[in-house]
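Labels for the chains are A, B, C, D, E and F, by order of writing; each one numbers its residues from 1.
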Amino acid sequence: MIYLTRVEEFSAAHRLHLPDQDEAGNAELFGECSNPRGHGHNYKLEVTIRGAIPPDTGMLLDLKRMGEIIDRVIIRQVDHKHLNFDVPFLAGKNPTAENLAVAFWNLLADQFPGAQLHELRIFETERSYITYRGEA
Amino acid sequence: MIYLTRVEEFSAAHRLHLPDQDEAGNAELFGECSNPRGHGHNYKLEVTIRGAIPPDTGMLLDLKRMGEIIDRVIIRQVDHKHLNFDVPFLAGKNPTAENLAVAFWNLLADQFPGAQLHELRIFETERSYITYRGEA
Amino acid sequence: MIYLTRVEEFSAAHRLHLPDQDEAGNAELFGECSNPRGHGHNYKLEVTIRGAIPPDTGMLLDLKRMGEIIDRVIIRQVDHKHLNFDVPFLAGKNPTAENLAVAFWNLLADQFPGAQLHELRIFETERSYITYRGEA
Amino acid sequence: MIYLTRVEEFSAAHRLHLPDQDEAGNAELFGECSNPRGHGHNYKLEVTIRGAIPPDTGMLLDLKRMGEIIDRVIIRQVDHKHLNFDVPFLAGKNPTAENLAVAFWNLLADQFPGAQLHELRIFETERSYITYRGEA
Amino acid sequence: MIYLTRVEEFSAAHRLHLPDQDEAGNAELFGECSNPRGHGHNYKLEVTIRGAIPPDTGMLLDLKRMGEIIDRVIIRQVDHKHLNFDVPFLAGKNPTAENLAVAFWNLLADQFPGAQLHELRIFETERSYITYRGEA
Amino acid sequence: MIYLTRVEEFSAAHRLHLPDQDEAGNAELFGECSNPRGHGHNYKLEVTIRGAIPPDTGMLLDLKRMGEIIDRVIIRQVDHKHLNFDVPFLAGKNPTAENLAVAFWNLLADQFPGAQLHELRIFETERSYITYRGEA
């Protein structure tokens, strides 16, 4: 059993906001992250898959192929986008890093041939990140 | 003569956009950076001042005081903001990193007691940055 | 179940030293780390909490609030201090990163509303770090 | 139970290549990584050991001693080498990061007095890494 | 006058070697860097251009276009290659970082529309780099 | 003309303190940096030399030899030391990064065969650094 991680990045705007709260309520819940026009981040996404090492190639999954899957399924949908408006699979969700992680997991699970999705890590800044392993 | 640099960060949304161009024109000039709803970055700002080392203290400027100046003059104005809408000193400017650098320079020059502003560096991502020294 | 990590830093001096050993004994055990006057580090502290994502906010704990807790409980006690002399909760302990991790854990456990402390990571340098999960 | 990690680096050349495949087969399996003359990386190796904190010293293993073990057993064998030709313990293996991790594990297990090898992480680039815990 | 920097990476093998020296001479000059089979690095290349900010767009050069130029002129020629054998414009040169910098400069000068090449920086590792500004 | 930079690190304790000031005066000048027992940092030192590329070797100075010079002249004197007490060439100086830079410059100038010392950069933390070029 071995774990292979690939790191990708995307730049996006977002605003933390609950539609059933007024501005004061959102400000109390999310502080400056609820600023109406939004702010943004260079998000870093680490995708880890796991599996047995194939004895012939010694390679769990070709990194280029792994990158193409992550790019097609996730990065193209969110890079240079406003996460509150431009991403269909996030519609109606508050775009916290926690909610991004679960949404990305649901899209990436079962996408990697010969390997299982093991962990997602999303850095909102260098100083804060979310880790999700699909655990209930 | 010595140079002292302090590094700060801010998270903001922006959109590259010229109002005298239509959507197609903006898309041709700025590509995905012209996406109407905007995207965002964790900007890193490096401020460098220069001066003679005071022979008594051996310290050009106290780092805490330097940080407070940068925070008051720049960071509080741009952090968690949308640069196209929320920042009075950027009004009417296309918020490229180049234009940010010149605008920040004009605000920071002459703010540091006993030292001169020498250089600003703005990282839009880890892989691209602008350097400005106030040169005509 | 999701994991949220916040990274903080502090600058401190320390000396590895056992009072029941003489200088030669300490030098043999700890090498240059036992230098009598002490040396120092920019420590990096990563605090990870875990919990279920609240379905309404989608946010395990507000990062600003998490930062304030870590700052009040740990950072203000150790930043710009000499760990052998200035920190009551370390009194009588050899200030290895291992002992720091256990002491920090005991102070931080049960401090995070709606979440459990999951893991502490202390980087003494970029090239060495301790991980502790409260395991016996 | 505590975990101690030390980070080391080595610079090496390698080529992904299966001898029972012709050039076209290798190119299909490994793309540009099968380039006949090889390419290279600054590999980063993170070694994590685990154990109980000795109550007297508060130190699982002296970092200097830990570094000397990793240097003697691994780094001197692979640094500034071509992994396909110059490393006896890799002879006959395709030098993927996956295969390196298993080979390093077998050499490092049982080398650390008073502690158990817990995890190896090998970064081929800043954007891709393998994690191995000796799991079957 | 403003400076715009873009950072790219390539992974390559090389060997420091002078053909008019025997193995002992090369070993004395270049140490382990003269190992016959070669070793390798993840090189980081920083390209800085300078120019006046165009008053209409506020953008010296589109980063995507700048990246495509660097990719076409340099990265595709050296990435996943052995610098002693596979790169026509390095033929007959000892592939030190110093010689790479001059060769890259000669290829990149005059490639950037509306801007001048100002500086190249080549990191062979995180701990050593060459800077070249085309100065005689 | 080319510039070669090598990065080294040292861990040291220091206290900002002027002996002709009382505790209150030092606290006003240096804040928490004047804490009597001292604090510490992982300092990063970047040494840049410049010179013409020797046409035969293509190498300004062997990196290993450059590292040995920096290690002998600087690192061994300051690593794992308390800069206020343990370093003869800093005796009587307030150990600010500014004063360290000048003292290191005076020791390193003329130490590099075939090259001139061009610039020193001292990072006290990742977020603050001093640059010195020997300018009066």
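The criterion applied here is as follows: a contact is a pair of C-beta atoms (placed from the backbone, for glycine too) under 8 Å apart; a residue touches a chain by one contact, two chains touch by 3 or more.
Just so we're clear, the structure is a prediction, and the values are computed from it rather than from any experiment.
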Contacts common to subunit A and subunit B (chain labels): none
Set of chains whose contacts include both subunit E and subunit B: F
Path length in steps (a step moves to a chain that is touched) from subunit C to subunit E: 2
Per Cα centroids, the chain farthest from subunit D: B
Proportion of interface numbers common to subunit E and subunit F (over half same, under half different): different
Listed pair (D-E, B-E or E-F) duplicating the A-B contact set, over half by residue number: D-E
Centre distance in Å when subunit C and subunit D are each reduced to the mean of their C-alpha atoms: 29
Where subunit A and subunit F are represented by their mean Cα positions, the distance between them in whole Å: 41
Where subunit D touches two or more other chains, by residue: 126
Pairs of chains satisfying the touch condition: A-B, A-C, A-D, B-E, B-F, C-D, C-F, D-E, E-F
Sites on subunit B touched by subunit E in the complex: 16, 18, 29-31, 93-94, 96, 98-99, 101-102, 126-133, 135-136
Partner subunit D, residues of subunit A touching it in the complex: 1-8, 48, 53, 56-60, 62-64
Complex contact set, residues of subunit C against subunit F: 9, 11-14, 32-33, 35, 37-42, 79-82, 84-86, 125-126
